[in-house]
Amino acid sequence: MDFGPHLLLAVLEGAVGASVLALTALGLSLVFGVMRVVNVAHGEFFMLGAVVAWFVADTLAGHPAVGFVGALLIAPLVAGAVAMAVDRLVLKQVHYDPEATIVGTIGILYILQQTALMTYGPEARPVEPPFSHRIALPWFEWTEEGFEMFYPWGLSITSYKLFVIAAAVLILLTFWAILSRSRYGLLMRATQLDRETALAFGIPVGRVYSLVFGLGAGLAALAAVLIVPIQQAHYLMAGEPLLLSFIVVIIGGLGSVRGTVVAALLIGMSDGIISVFLSPTLSKILATLLVALVLVFRPQGLFGTKAA
Amino acid sequence: MSAPLLETRGLTRRYGGLTAVEGVDFSLPQGQIHALIGPNGAGKSTFVSMVSGRIPESAGRVLFEGRDITALPAHRRIRAGMAYTFQITAVYGRLTLAQNIALALRSRDRARILAALARVGLEERAEQTCGDLSYGHQRLLEIAMGVAQAPRLLILDEPTQGLAESEIEGFNGLIRSLAGETTILLIEHNMNVVMALAERITVLETGRVLASGSPEEIRANAAVQEAYLGSA
Amino acid sequence: MSPGARSLALHGGLIALLFALGFLLPAYHQGNLARIMVLATYAVGYNVLFGYTGLLSLGHAMFFAAGMYGLGLPMQHLGISALPAFGLGLLSAALLSTLVAFLALRTIGVAFMIVTLMFSQAGFLTILYFGTWTRGDEGFVIAQASRSLAGVDLTQPLARYMAALVLFSVALLLTARMMRAGFGQVLIGVRENEERTRMLGYDVFRHKLAAVIVSGTLSGAAGAAYALLFGYVGATFASVQYSIFPLLWVLLGGAGTTIGPLVGVIFMFYLIDWSSGLTNAYMLVAGLALVLLTLFARAGLMGEVRRRWLPWLP
């Protein structure tokens, strides 16, 4: 394949990655925005979503679509429930102290990861996508006859990957609508802006926190269900989504939804494109150093406001 | 006489659109006990915070012993001979009184630590954890920490707030005993303390100097009475 | 008894006990304890920054690895002998700590944790990237023949144990002395109330800088010693796990106490030793320990002892 089609392929693959990343990072950003805590175990909820998806698909015999729909419904609920339990049992008890929350969620990270190892095992297992058709993509070239369209060999995408992108966009729009239009969204935004005043107004801040923490985990799990037919489920798969989500949230500005989405697009696309041309290790080194330096020199990220 | 110990020229502090302190010219001769009074929000704490270097100034200069220290960071100004006590008590709650004083003294000499505590009558509680003390005693400890540094200039931000009457008596006595060797700049709302101790008073209002003079002059000043003293 | 004499008695007694154990313990436990003492040195280094200064780093593995590779690479590829290699390990760790300090100390709290984590991850990935020399995850073994110091063969169990003991004793006594002196008290002041410490005339930044460098160099010393005494250098020691371990050890043993780090390492070592006999998911134990510590015993074992019974415990 020539450079042009190669780049187009990288962009499309990057778009798939960016979609899933946007959902995952949104979960992390939401938790930080409303609750002001960093959940280091966020990646494990992603992994949990993938593992539960595999269990559901494995249990529900029949057409893969049945298992997939089942996973879409069940995995986020399971992740959300576990997260709410963590919130009530651990986070509330330490009163959301930033340092204690980080140490505590590191512990939760190991508990979730090792439990997956014990129950699911150390192997990576695939999940069948509900549908998957190969769609060849056209490419244009300027020749003596004018614009010519042809289908380069190897330039194709699957219908499922297109679905992932579409689904992610749909979920993001729905989420934005809920956040800005509905009563629940209003409660969340009020709690984020001023916890004390929210309490004074009778908003059940404790419950909002539990729901938000659950929602954050649910979003990560949902993203995992979408990606698991493309990428296999493995007990150690949390590392990369966690690192990338961190990068997105820090660069986009902790607590800013718009910033998160834009940064996810940026990071997801560039990660996809860069790893086509550079070794994955080198691109990861550059990415981690970038996050560190942004935090050092511009702690509010690109969109966030300077912390009080 | 030599140059004033402390001088500010056009000292200003702005927060976005709000000006907390506006072009304050201030002069403090050596050995004087000077009180800074004014209504809440007048800029008193902001002013002394800029003098001590705790917060940066937006404009203006600070001179200490004739030297321009405007560019000097807080800890260097303290080393140059200033001591600062906070408006809201800031002692090391989890450490003992002895440890607190040791940090102020920069020495762990037992005799000196006890002597420093004795100046505020707390020498018997040297090994107690600071957080277990009453608020008033913690305040006294902070004052003791300031005095222990043997500063040229002692800045006290509302030192008697939270003290009982007897403790205030003790405080007055302590400050009087320092007069001459130490220059004192204190922010106070308690007018009895101000009248009992101050040799000169400066009144701040909305970030500007309203009046400056002897206690009698200030008491008689109509503008001050209207703005602040009222029924004091 | 004066605090100085008490401190000497406590620490001296502990070292004497460890010395005796070197001769009394059966081979398996003697080997374990040698390993424990090297790791405890790492924990002691971490404690300087976390326990005493109050700065939580999530990236200390980079300092441990700097020492490990700083010694290992010259020995392996340049044939440099043990003693100068150890010096190189220390130097690498010291330089890295200084660089990281100047960048990371511009941040506080959560940001500091993330920045240290990120730098450490970058370090880990760099080790993998230069796999040709570092052999990445697989690591490399340092030849037995070169692992001797001043004529003493460090591969011999007793010599190895005593070398580990020397390392740990130096680290322990150094930190004990440092924390009782003015410098340590100022670090504690920075931890307890940074603003108050600044307004007492202390250069807070310089003190934090020194704390990071001391902490990083001690961690590097442990890393270099580990490579020298146990003959293996590998990227695992630069991974996140080895940044979490010292946090866990110090929290468990008692942050801000001198012997807490050793207690923490011993406890966790044998706990993991026991649970890895039961399941391959032995890190579950570490996870549970962290959660329980966070909820119920933030002061750690020695911290609780100090709080309830022995307020003079350094």
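The first chain written gets the first letter, and so on, giving A, B and C; residue counts start at 1 in each chain.
Methods note: a contact is a pair of C-beta atoms (placed from the backbone, for glycine too) under 8 Å apart; a residue touches a chain by one contact, two chains touch by 3 or more.
Predicted model only: the values in this text are computed from it and were never measured.
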| item | value |
| --- | --- |
| Path length in steps (a step moves to a chain that is touched) from chain A to chain B | 2 |
| Chain of greatest Cα-centre distance to chain A | B |
| Between chain A and chain B, centroid-to-centroid distance (C-alpha), Å | 53 |
| Separation of mean Cα positions, chain C and chain B [Å, integer] | 44 |
| Between chain C and chain A, distance of the C-alpha-averaged centres to the nearest whole Å | 35 |
| Chain C: positions in contact with at least two other chains | none |
| Multi-chain contact residues (two or more partners), chain B | none |
| Residue ranges of chain B in contact with chain C within the complex | 52, 54, 74-76, 78-79, 84, 86, 90-95, 99, 102-104, 106, 108, 145, 149 |
| Residue numbers on chain A that touch chain C, as the complex places them | 38, 90, 93-94, 98-100, 102-104, 106-115, 117-118, 122, 243, 246, 250, 279, 281-282, 284-285, 288-289, 291-293, 295-297, 299 |
| Of all residues in chain C, those that touch chain A in their complex | 56, 58, 103-104, 106-107, 109-111, 113-115, 118-119, 121-122, 125-126, 128-129, 244, 247, 251, 279-284, 286-295, 298 |
| Of chain C, residues touching chain B in the complex | 182, 185-186, 188-189, 192-193, 195-204 |
